[in-house]
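Just below sit the structures, each encoded as structure tokens.
The same chain A turns up in both complexes below, where it pairs with chain B and then with chain C.
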Partner chain A sequence: MADTDSFLHLARPLGPAPIGAQPSTAPLSVVIQPQAIFSILDHSLRRPADQERVIGTLLGTRTEDGTEVEIRNCYAVPHTETAEQVEVDMDYQKQMLALHLRANPREVLVGWYATSADLNTFSALIQNFYGQQGDGTWPHPAVHLTVSTVPGKDIEARTYISAPIGVTAERAADSCLFIPVPYEIKYGEAEKSGLELISGAKDREDRTQVILTDIESLERAIQQVLDMLERVSNYVNNVLDEEATPSSALGQFLMNALSLAPKVDPADIERDFNNHIQDVLVVSYLANTIRTQIDLSNRLATAALTMGTGDVITGTTGGGGEGGQKGGQDRRQNARRGGQQRSNEQ
Partner chain B sequence: MPAPTTTLLIEGTFEELVDELAQYIDNLKKTHGDETSNIQAECTQLLEEKKKDDVLKKLVTGSTVLNQAPEKEFIAAYNLLVHLIRQSPNLDVFLPRVCQNLASPVLSSPANGAGLALSILSTIFNTLQPDDESRYNVFFAILRVIRGSANFETLRPQLKHLDQWLAAWEVEEEDQRKLYLAITDVATEAGEEEQAYQYLVRALRTIPADEASTDEARQLSLRALKSALMHPTHFDFQDLTALDAIQALRSSEPIYFQLLEIFTADLVDDFNDFKDEHDGWIEKSGLDGAALNRKMRLLTLASIAASTGQTRSLPYAHIARALQIPFEDVEMWVIDVIRAGLVEGKLSQLNQTFLIHRSTYRVFGENQWREVASRLDMWRASLIGVLQVVQSEKALFLQQKEAEARELEGKIGSLAVGGGGQGRGMGGYSKQRRGDGEVDLE
Partner chain C sequence: MAETLKDSPIRAVQVEALVVMKIIKHSSQTFPTTATGSLVGMEVNGTLQITNTFPFPTVEVPATDGHQQESPSSLAAAAPRAKANVAYQNEMIKFLREVNVDANNVGWYTSTSMGNFVNVNTIENQFFYQKEMNERTVALVHDVSRSSQGSLSLRAFRLSPAFMTAYKEGKFTTESLQKSGLRYQEILVELPLTIHNSHLLTSLLHQLPSDVPKEELAFPSNLAALQQDPNTPQPPLYPNFDSLDLSIDPFLEKTCDLLLESIENHHTELNNHQYYQRSLGREQAKITAWQQKRKAENAARVAAKQTPLPEDEWQRLFKLPQEPSRLEVLLNSRQVEQYARQVDGFTASVSTKMFAVKSNLLPGE
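Here is the complex of A and B:
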């Protein structure tokens, strides 16, 4: 994503506070989960050709004091926009919201998104709709997320909350001040490596990507670390050759990082490693023994069963068959117990 | 793509909005006992004469009364005012006045007044162009409000952008220094010693070399030096010695400078010599002798820990001697120094030694860089070894797979001749063999 814009966020507008709590103007911050961004981008790709931007509702969680908002989920809301007027399908929005809240009772309505970085008076209208009392986010401010989707340019996201403007009620209804607030897109480790893998396919003709095996990713990771080490030691050598200006903070940091390895005697490591190997071997030996035992007892049981059915053929009724089966089960249990005993002995 | 510049979205012409705001201000004044106010009429007249700036002047003058507006209407009304003055080409004329008004307390809301004012000030700040120098003045007003409301916590997360801002505003070094000092004052009042110190050092950095020996520079340097010495968790004095202004103390305040040098690189012994030489000086200059002693001991321990080299262990006796402390207290001091973050390691009570994992170097010189280089090389060498093992194992695995595939093909060929029953027997045999292999491993 793009660099953060230069702005200052010190206080959010004073909103009505829940009963018993002081209204607060503590600043607010937004956390965005990547899956929300993905579905916004997807929505933008599927928009009607004649529509500049599309909008949708953001869902997520909010801390009790309202200072941290997390956007987790979103869905599209159809709307039409012309030069004179804007129309949002309110019924659709209401129903979708109700359904979503039923499926995810922990999430709440936090705001709305638009797939264009522009703000205009329609934005103000929609913002006031989302922030209103009743169906909106009131008493908390609604969060507005803009994701620019201009082809060929970097995707930029911005988050805003709003404050009222104007001294008369009619004026305030269709206008507002957007206050930029800081946001952060949170990736998990798993999401990041998954994305890296997928994005590896974008440069290939056939748009496919083989999933790496463990050993291959280990190899790749080692290569990466080696590259980084190369860069660092280049810098250090330059410092030693007096070509780069030394930074003692950087040096101290490197020294700390390099000292992270605990001080252990090589002999200790060897001893511990050998002990560990022996443990592993014993466990795998035991596991094998038990598996053999189970295999054996299973075979014995099925053998008894065939004998049992053999009895049925010679005998009179199904009772004999039952007996045979029972015998088989008993025998199987015995065999298993024997196996356990043996493993206990070892 | 830059951020949208207009975040104030309101419909209506300038004249309409002026009229509404003027009426609002008049009403507000009347409810507070000022019956004579008639800004609305004056504005209408001025508007007819097309004197936009005069209209705005009237409004801004009248806006002092907004501080008495009810909490809920305060932001809305002020935002409208900000929107209006943004239309004027002479924005700079009005801003100082508005900032001044906002810096005075909001009468209607004693609890949230500062928050309200901050919210308007940050709106003004944000609606100005990022490289507009007026932002500097607005930021100063913000600092004043923050200081008045003891609200440093709110500001702190934003300070990381400060360098970027200063670069964009292209302010003079002297103004930068003023700003840094103002932040230092705010931080000191909020009890954030570390932050205060950081900005004090930054302020010192803005002093050019040829002004390093002026009286102002001397005062500042002394202040920074004292707070560095007295700060309980500040142990790095190298950043100070690198400054021109501090170097100038060498001639103007030789005793202070001597003390600084001792704290930068020397040991407890040198500090004791210093105390003998300047008897009573520490108390006279308002420094806390006990705190200095303690700090010096911690630094000394860090130094001797760093000088152990490859053995990376220190006998208790050695520590006790270097720190001039009783033998029983060694462990306490080591724990203190670990807590201060100067050294990491573990105490071995059995062998009466301290095993060091990591230690801070007080002076990071060429030897230390060499050490870093050699450790990097070692790490790289071992990693290359690991990589080779991985690669050869992978190659081996591929070879085996190929061999197996060939074997299988051969078998299928023979099976086609031999028939089914034999094949099963072969399978059983190979399984048996695998079992044998596992037993062999043990």
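Here is the complex of A and C:
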């Protein structure tokens, strides 16, 4: 996000901890999915007015050896913080975890987040709570994610794991050493379309965006490509006019890009093009024909026709049923024919 | 459509970006199984603001069960109106209220593939929500297959008041349809949907992906250096260049399959109806025959000075067949309409792309 740090992990002396309960402090990398960040930001907006930061639980998956953690989901946990003490609603955390696990059985508890970049004594306390045996992430280290939400500044995220530290066992409970670990924000193919739409609203005053149709998003994409081509051809023209500095690397790159254009026989293109456009049009035509036929069949079936002096309802439904039936058969044949035509063309 | 919108208590739907992302995540994770979940939010001046969402618990399919085996997909599709999930939903909302989330249930969402969502399940779920919960609920439909081809497909639907009344009565006979004038186009009302970002999120989006460096960059020394340059900007999230991709066949193939399926359904329903017509005709012929016989008998009895037999006994003797419900036909028609619209949209963009490719490959023609 803001800046990518480089990381070096060193072996270090470990604090006093009961033997056998030593959580692993092996380095790991963290992958964050955007909806987790979105959720944290939403929680930060909904925090009580008198609270500086809010916390919550991170859910996700962990690779078998525990070296990679993927944060997929999170939920808010109420807590109160004063100068002297911190109180986390553990009961709430437990029940919410159970509810979430029912919906996503594959996700596990991986750590917690806070919406402020500060680390303090309370952070250590909460960190030890999340990393403990039993309900915590033990034997894996709990991941702590901080997302700074200071207005007017960039949103900065940091991820940490912790190692126990402290002179005595009593002091170890409320202190720990936070070790920064690298993280990445990753989004999958499926999320791309959503993010596209969401970021479409980022430059708008009202921060809203209507759902685009296919053709509209195509128009925007083409517009963007045209702009980029314009920029490149401007640069090339400037180089030719000896106004801009030439670069052989850029030239080579552009050359490579241009040579990607396939060399095909015009007749082949013409043929393929015609076949494919016909496929598309025939399916579109058929779909609309079917729609019309079904509409017609429905109208016939429920139209209030009076057939002479006879029973109105019986008369019409009979007619409608037959009409629809005939239409149905026609359509089926049509569609079959269409299907064959299509397969012939391919 | 405009008229039906006026009656409805909500006129537009505004979805938070968080909700969009959560729905996409849940839907793509469970694809091709249907994913369903609950929506929370509140209504402000006729606009329904959906601010958070959570998925319904996954249903374990019991291996050995006395009941009929059901696929996880159909179980998930029926989840929004299942009793266990109503409890789950209430509990979740209770917890969400503690962290200041708008704690009103405003509907449910479902994932679909290629617009294949107009079915009895959707209708029943939405009916359940509009009837049991409150009037101000919507169904969000996220189309996973279409979203993977470029632009996001997320739509908001409600049941029309006319359909609600008809469904409450549970009668979809020809007669009742004639009386109410309900047409298949009027089952679902689509509401305009907008996506809304919070200020913090807008701030985050401006950092994602990181901006192009402001200062003038030095020229790369060779091709390899250019390709490894860390300053190479990531493709922007918006606009999405995936929508320039030209893949036609999968879409057409699927649409044809779905259309054929719909026709098949329509045909079955028509056959049912025809069967009903025939048996109705037979019964009526029998009744007429019986009535004539009774009349002749009575005439004979009157002539013989005996008391005539009652003439309305046929109502006890013959039972007219039940008319099959036309609901399935209506939904199927609505589904076909949906497919047709979808294909129209697809044709528009694909033919544009194809002509662009052609004139690119054959310049000067």
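As a convention for this text, the second predicted complex is superposed on the first by the 205 of 346 C-alpha atoms of A that agree within 3 Å, B and C clash if a C-alpha of one lies under 4 Å from a C-alpha of the other, contacts with A are read in each partner's own complex, and residues count from 1 in each chain.
In this section, a residue touches a chain if its C-beta (ideal position, glycine included) is under 8 Å from a C-beta of that chain, and two chains touch if they have at least 3 such contacts.
Computed from a prediction, not measured in an experiment: that's the story for all the values here.
By the touch criterion defined above, A:Ser148 lies against chain B but remains apart from chain C after alignment on the C-alpha atoms of chain A. Judged by the touch definition given at the top, the superposed model places A:Gln252 against both chain B and chain C.
When the two complexes are overlaid on their common chain A, residue A:Leu286 makes contact with chain C while staying clear of chain B. Within the superposed three-chain model, A:Asn237 lies in touch with chain B and out of touch with chain C [touch as defined at top]. In the superposition on chain A, A:Asn298 makes contact with chain C only, not with chain B. In the superposed model, A:Ala124 lies in contact with chain B only, and not with chain C. The partner of chain A that touches more of its residues, comparing chain B with chain C, is C.
By the document's definition of touching, neither partner reaches A:Thr67: not chain B, not chain C. In the superposed model, A:Val225 makes contact with both chain B and chain C. In the superposition on chain A, A:Ile215 contacts both chain B and chain C.
The intersection of chain A residues touching chain B with those touching chain C, taken from the two complexes, comprises 2, 215-216, 218, 222-223, 225, 248, 252, 256, 262, 281, 284, 288. On the side of chain B, the complex with chain A involves touching residues 1-4, 6-12, 17, 20-21, 23-24, 71-77, 79-80, 83, 109, 111-112, 115-116, 118-119, 121-123, 125-126, 130, 139, 142, 154-155, 157-158, 161, 164-165, 168, 238, 312, 344-345, 355-361, 363-364, 366, 368-373, 375-377, 379-380, 383-384, 386-387, 390-391, 393-394, 397, 435, 438, 441-442. Of all the residues in chain C, the ones that touch chain A in their complex are 14, 16-18, 20-22, 24-25, 27-28, 37, 51-52, 54-58, 88, 91-92, 95, 98-101, 144, 147-148, 150-155, 174-175, 177-178, 183-184, 192-208, 210, 219-223, 225-227, 236-244, 248-249, 252, 255-256, 259-260, 262-263, 266-267, 270-271, 273-274, 277, 280-281, 284, 326, 329-330, 332-333, 336-337, 339-340, 343-354, 356-358, 361-362, 365. For chain A in complex with chain B, the residues that touch the partner chain are 2, 4-14, 22-27, 117-121, 123-124, 148, 150, 153, 156, 158, 160, 163-168, 171-172, 174-180, 182, 215-216, 218-219, 222-223, 225-226, 229-230, 232-233, 236-237, 239-240, 246, 248, 251-252, 254-256, 258-260, 262-263, 281, 284-285, 288. In the complex of the two chains, the chain A residues touching chain C come out as 1-2, 33-35, 37-39, 41-48, 54, 72-73, 76-78, 89, 92, 95-96, 99, 102-105, 149, 151, 154-155, 185, 188-202, 207-218, 220-225, 245, 247-250, 252-253, 256, 261-262, 264, 266, 269-270, 273, 276-277, 279-281, 283-284, 286-288, 290-291, 294-295, 297-298, 301-304, 313-314, 316-318, 320-322, 324-325, 328, 331-332, 335, 338-339, 342, 346.
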